[in-house]
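Chain lettering (A, B, C and D) follows the sequence in which the chains are written, and residue indices restart at 1 in each chain.
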Amino acid sequence: MDTKQVPESLQRIEVQIPDRPLWRIRAGLLWESFKSNWKLFKRNRVGLVGLVVIILFAILGLAQPILFATGVWDAKIYDVRTGNDTRVRIAEMTVVANVDEVIDPTSQIDRRRLIAEGENVQVGDVIQRELKHPWPPDRHHLLGTDPNGSDILSQLMYGARAAFGLGLLAAFVTVFIATTVGSVAAYFGGWVDSFFMRFADLLLMLPILAVLIVASSFGRFKLWHLAIFLGLLGGFGGTAIVLKSQALSVKVKPFIDAARVAGGNNWRIVTAHLIPNVMPLSFLYVMFSVTGAISSEAVLSFLGLLNIQMSWGLMINKTQSAGYLLNPATWWLIVPAGLAVTLLAGAFYLAGRGMDEIINPRLRNR
Amino acid sequence: MSGYHANAFTKGSPLGRYVIKRFVQMVVLFLVFFALSWIALQAIPGNSIEQQLRLNPNLPPEAITQALARRGLDKPPLEQFWLYTKAFFTGDLGVSWSRYPQPVSKLIAERLPRTVMLFSVALLFQYLIGFQAGKYLAWRRNKRGEIAITIAGVSLFTVFYPWFGLMMILLFAVKLGWVPTNGFIVEATWRGAPVSANHVMVIMFFSLLAVTAFIGLTSWASSRLDQPNRRRLVKIGAWVVGLGGFWLFWATNQYLVYAKDVAVHLVLPVSVLTMVGFAGVMLITRTSMLETMKEDFVTTARAKGLSEAMVRDRHAARTALLPVSTSLVLAVATVIDGGIITESIFGWPGMGQLLLASVVSEDIPVALAAFSFTGILALLGHFAADILYGVLDPRIRVTSQG
Amino acid sequence: MTISNEVSNDAPILDVRNVVMHYRTEKGDVSAIENVSFSLKSGESFGLVGESGCGKTSMAMALLQLQAENATFKGGEIVLNGEDMLKMNPAEVRSHRWSDISMVFQGAMNAWNPVHRVGAQIKEAMDLHIRPQLSHTESRERIASLFEMVGLDPEMMDRYPHEFSGGMRQRAIIAMALSCDPQIIIADEPTTALDVIVQDQILTELKKIQHDLGMSIIYISHDIAVIAEVTDRMGVMYAGKMVETGPTIEVFHNPKHPYAFLLLSSTPSITGPRRKLAPLEGEPPNLLDPPPGCRFHPRCPFVTDQCRTEEPPLAEIGGGHRVACWNWESVPPLSEGLRK
Amino acid sequence: MRASSKFPWRFVALLAVLAMIAAACGGSTSDTTAAPGDDVTETTTGTDTPDTTMTDDTTPPSADAFEYKIAVIEDFTTDNYWTYLDTDNSVYNGYLLGGQAAAVYTQVAPSFTLAPSLAVDAVPPIGAADGDNWVISVALREGPTWSDGEAIDANDVAFTFNTVKDLGLGGNWLSSIPLASEDDPTTTDADESAVGLLSVEAADDYTVVYTFNGAPGLPLWQYGAAQFPVMPEHFWGPIVASSADAETFEASSGAGAPSAGGFTFTSREEGAFARLSAAPYYDTGAKTVVYENGAVEYTSPDGVTESYGGTPEGDVVSEDVVGPYASEVVFTVTGGQDQAVLALTEGEVDFWLTPLGVQRGFLDRILAEPDLEVITNPNSGFRYLSFNTRKFPMSDTAFRQAMACMIDKEFMANNVLQGVAISLDTTVPPANSYWHNASIEAICAGLSQEERVAQAITILKDAGWTWDVEPAWDPDNLDVIPKGEGLKLNGEAIGDLTVLAPGPGYDPLRATYSLFIEDWAQDLGIPLSAEPTGFNVIVEKVFGPTDWDMYILGWGTGVFPDYVVDFFESSQDSAEGGFNTPGFKNAEFDALAAEFKQATELADAQQLVFQMEEIIATEVPYVVLFTTPVLEAYRNNLSFPFTAGLGGIQQWNGSQASVRSSQ
């Protein structure tokens, strides 16, 4: 339709005096806007795909404590740290000279492997042999076990919780700081603005990965330290700049002047008027920050630089250091974890993009 | 009627003032960055010497004190900082602690060409492909395939990169065996080579730069030609001459066999970097294009009877190029940081690996030099991005002066 | 006030016949242009007036085939020099754009691409349409003369749009619109964003150019006063329909459609006769679900039962003045105003 | 107007030309700048081809000459032997450069038997007192030469010592050349009485005189100064003379340095590869046979047979006729372990030298190749839990013993860390057979979980510990229920304790172990929590201030067990810069340690080590946890003189001079 702006001179606007309490009107409006936004979001398949994946991972993360609590899983076997399936799987195997000759890998074994594992036998011997970890997926371990005999699915679930915890904490710290900094800088301008913006420049300058490596060298760098650190970097850095420009566009709106004329003090104007209007965009950046945080953690863990008990990145790191990395035969050690990082980070990003098309008026095509 | 110059850059003094102001800001920022980096690196528990010598029980304790003294670590921290800063700003980057006593500048000179080689090629492909893909994606908005391409693009953009790289190695290097798994040269080829690998890479880089610059600039210039036919001819000519010249240059080059070896090793890392990086460029371009396409001037261009391709390329894309080119400049500035993972995965001994190793081994002179290098690159990158923005968007030129 | 222009009696160069255009949206079809017809003769100026959202800009865009992607034509034809534009393929349409119909856009700032020089943007159109192609020098000379014609310093052609003031940009747009010697110029709110003095200058400029070059202009505006000032004939659109059309003097002084009547009553006129101002109450209808019968009936003070069910045809009432209203005879003369 | 229409053309043309020029110059500038600054690449990648040295007629028959291709996963950082032995002492530099030094005495693979190399006497002479000092004079053989034909003589030995002393070289030189304290410029007044080398002089061309400031024992003399690496004076002398200080000297290139080991360093491309070329070797053709009892039978190239380290008895462990057989040793630097395995399986290299050992996960891929062989050997090192005995409750012996009792090493090795860890009870591993005290058994060894809990409770009770809630084994749940609570010694409760251990990203084995230790301690009511901590942080903490509780780390050790003294002697307290991190103080141990340092007979030293180990096993300042096997993989056309031995083939740089190819 004709979207061009035309003075409203030809129209007459009727003002209704509300007879309901203000909060109900507000709640109603909020609900309405949520409903219409949800409709828009739903139409955007991309965002929906992201949301579905996020929910799936949330379920995965929540399932683990339930499995332990209900006794479906025994902590001695399924604990991600000390869990260890000590059941013994015995196979009777003939010793051969080379696995290439092996027709049935469950009944024949390379003599060199036995030598490497400290047993000296001759070709042709038949031995009783315990199947060593990692075990391929079976009904006890849906995604198999790792070289230490602990369950991959359980680790994956734990990792999901770690990723959510880290990602969301980092994102909220980022957005909390960025919203505050952005609004304050936009509203007060002057040296406050200069200070924060130069500080943001400084943070943008940092080689992020290198800085994280330095930070993780401090030895006792825990997951939540990382989350807050990432949150600070993002919150005072790039996100603050984006949100400041949003706050600037809100600041020039008439209702801010009105509030000022009405005698609102600065702080109240910032908290009651500026920040709420920057909020929608902030929420968008929550999504993108989560993506960044999850990837950062995974990279650091992958490089073996974080001293944490379990995470998806660490699962890959452990696979690599134990020598199972480029081995298609033990795919369950490397594929689920890598895929999980990719999917969850991607899902938050997709959901963010979905929201972007709603929140960012420049992208709306209607 | 030669020349109505409205170009703000020729007006001199306001821009000059702007540059000076920015330069002063940059210097201050760098000093803060430098000091903070030093403090952070210094604050890491332990030190390089402890790491090297502490775990040899046969060593007398004097060995450690002596090693510390030789590196100036026996002095109080503030004095160390002062001495180091003084030397740094007079051009002396000091000697490495973990590879004592090799000069830091030598280590960097050794690593830098490799990183530049890898990432210049990768960035070239990323931006060429990403920009084109983003253009088409925006143009196809809400059409079939857009969602699929977007999801594929986002997946590549957010893929857990180290893992993805390893999977690609597994597929293309291990299973299919098409490309080498890692490294940048093969010993057998280089045995008795009359030239160092860095030398060959420098030549490769500049020849590539020359060809890219030639083709790019000629194509750009051709868009100013009036007749479509001549325009096409010049464009094709540029490619033929550029690539032909490139071929001729290398076909007759005595180092061809070495360059080929490096090129073969470049294939996989560059492909993976391109796959991961182009998606980001594509998404930026798409967003930027979508914004641009809502502008009235795109309608104007259509009303003028321009073909869709011309509207897209000359008007929508030209304007959408702004954020993309800015991101290119910033990408160049973060190459070393990004190199950490890529270089670790593909065994490419460049600046990224040097940075990682130096931080892990607490080799402060090397780490600080690498940090400073990235910091300077980032500062110059931001500066260049601003200037570039001004060049590409005439609206900014005026405001940046005022 | 009258405009002295020879109006040729030749066959119309542009004939819009019963065009129906809908926008397809999530919520349903929006009937944006419903059965609109008008024609334009060579050298004639025609005005389209109406509230925002009445379909006049959609109509203008339809003339250049620049309608939004979700627009569909349900019927009618737009005949340009004997060819129906609705039946042309995109390449044919493009060849007619600017060379036959050019446009002066509303909001001149945004109509220019900020990253190209103004001259280059004009030259781009000329390179495309003028055959044989002009040399570089020739193009620049032509642009210079166009600039002089619209009252701009020729040196300005090497500047960027943001270096122009609003009025200058609009002049430059006019220069660009003229650059390929089109038969028709569509001026879509050519003066809306400008201040009054500049508005007047631009309109005068346009009139002069039309006079000098003898081209046809379609003015589109929500401001009936502007239309009255510069056109020979005009049409009033309401909710996607043409409700009244005729010679400008006739319509302006003697509106017979209640909407036109109310519109004119609500507009103070310096040039026209004194009259009482009356407000236009209510809002335009939702075009997703237009009211049955006459689309104006919910707001119409002269409404009858017939209006609510039957759609009035656009009927001739004499002197080329046509009105789509069952009760046009009840509409009082403008000078009397609306009796409450 | 014309001008502006042509402008971009000119601009483009100009830029294109400039770029081409830049391309051309880019090459030439780097050419000229590289040459002076970088002697290394200039001389090494230059035209002096290795073929000229190959054609030298003193090299072994080139009939089976082959390239010995080795993969390494980390780059070499220097080509200067002096620098390598100072602080650039990475194992990789060792692989590359370690073979080029000569030595007066040496240890023979794989039995580590002490044997003469340059020296004439089968065992190092004891020497005699000379006033306050102790003087040992060693006669050298005439005949050994550097690869460039220069004789290796007493001047080289003295030169090496003087260079280290005069230039003040540090790092690991000081562990090979124990300078007397008075002459050590960095030492203040402390420890001046410690025995060290005062001087090494050449009495004549083939007599070296070592002067100590006191009587040296085995650690200082036979397993110390007698084995220090000797460098060629004729090559390094001029460089030393022109070097202002140690830094300049160590920054110089070692390319072209003559070698005493069959290979010389030829070239290196940073981050890619390095090469050694076969060179004339004075010992080529010599035959060394090592017997089961450690005795060595050596037949020189001219057929003279001698034996060292006892009379040959039992089976032959290794028989080796020295080459070099390979024409080149080519090291390829691969990006990581996976890439090294790929290089191995794809036939690009013959052997993978890795101090980490081949990880178990790689076995599948290696064994898929019929021409690859895998061997396993014990590692010379151990991982351990250390208690801070300066602090309560770790200061209580019963507490430490109870903890040690709870730690079920067999369970960990067999069930949890299957095959990647071998349970260990002593700091000297069984594979170091001469020094290993086989009679030592860990506390509670062989007991079940249930018995361990009971035993630990008894140990604690006997020492006066009490509980609010006493732990008990619940046979139904096979677990300790209830867990202990309120553990006290004479009313003194235990505060929260932390065990620092590397995170799973650094070492999954120790990380896992620490979690189990946490569980076991909590069973007893000890409020212990495992904290994954960066390696550098643990090191800084435990060698620095003494406010930690427990930690888990590992030691890589040599064969000669003088480290036992370093780790537990009270004068070596880490608070004072030593290696005794537990702060262990035991008069009996200190006495044995002092005696050990003065011992000159192997048998005496052996008994002393046995006794010291017993004290450690009872007092448990360390709980020795486990060691890891070293897996190595090589192409089976290679033949090594031996494949079984402590530390594996890599302990001997991949037996560069003795390896043969069956092709």
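One rule holds in what follows: contacts are C-beta pairs under 8 Å (C-beta built on N, C-alpha and C of every residue); 3 or more make two chains touch, one makes a residue touch a chain.
A quick note: this is a predicted structure, and the numbers were derived from the prediction, not measured.
Of all chains, the one whose Cα centroid sits at the greatest distance from that of chain C is D.
Chain B has the Cα centre that lies closest to the mean of all protein Cα atoms in view. Across every pairing of chains, the maximum count of C-beta contacts belongs to B-D. Chain centres here are Cα averages; for chain B and chain C they lie 52 Å apart. Work out the mean CA point of chain A and of chain B, and you get 27 Å between them. Centre-to-centre spacing of chain A and chain D amounts to 42 Å, using the average Cα coordinate of each chain. Among all residues of chain B, those that touch two or more other chains are 1, 3, 44-45, 174, 344, 362. Across the assembly, chain D contributes 1-2, 5, 336, 338, 342, 534, 536-537 as residues in contact with two or more other chains.
The set of chain C residues that touch two or more partner chains comprises 107, 136-137, 140. Taken in their complex, chain B has these residues touching chain A: 25, 29, 32-33, 36, 40-41, 43-45, 141-142, 147, 150-151, 154-155, 157-164, 166-167, 169-170, 174-175, 287, 290-291, 294, 334, 336-338, 340-341, 344, 355-356, 359-360, 362, 367, 370-371, 374-375, 378-379, 382. Chain D makes touch with chain A in their complex at residues 336-338, 341-342, 358-365, 367-368, 370, 372-376, 415-420, 502-506, 508, 511-512, 515-516, 519, 531-534, 536-538, 629, 631. Considering their complex, residues 64, 66, 90-91, 94-99, 102-103, 105, 107, 110-117, 124-125, 127-129, 133, 135-137, 139-140, 144, 155-160, 162-163, 176 of chain C touch chain B.
For chain B in complex with chain D, the residues that touch the partner chain are 1-3, 44-46, 49-67, 69-70, 95, 98-103, 106, 110-111, 114, 173-174, 181-185, 187, 190-199, 202-203, 205-207, 209-210, 213-214, 217-218, 220-221, 224, 245, 249, 344-349, 362.
For chain B in complex with chain C, the touching residues are 1, 3-6, 226-227, 295-297, 299-308, 314-315, 318-319, 322, 392-395, 398.
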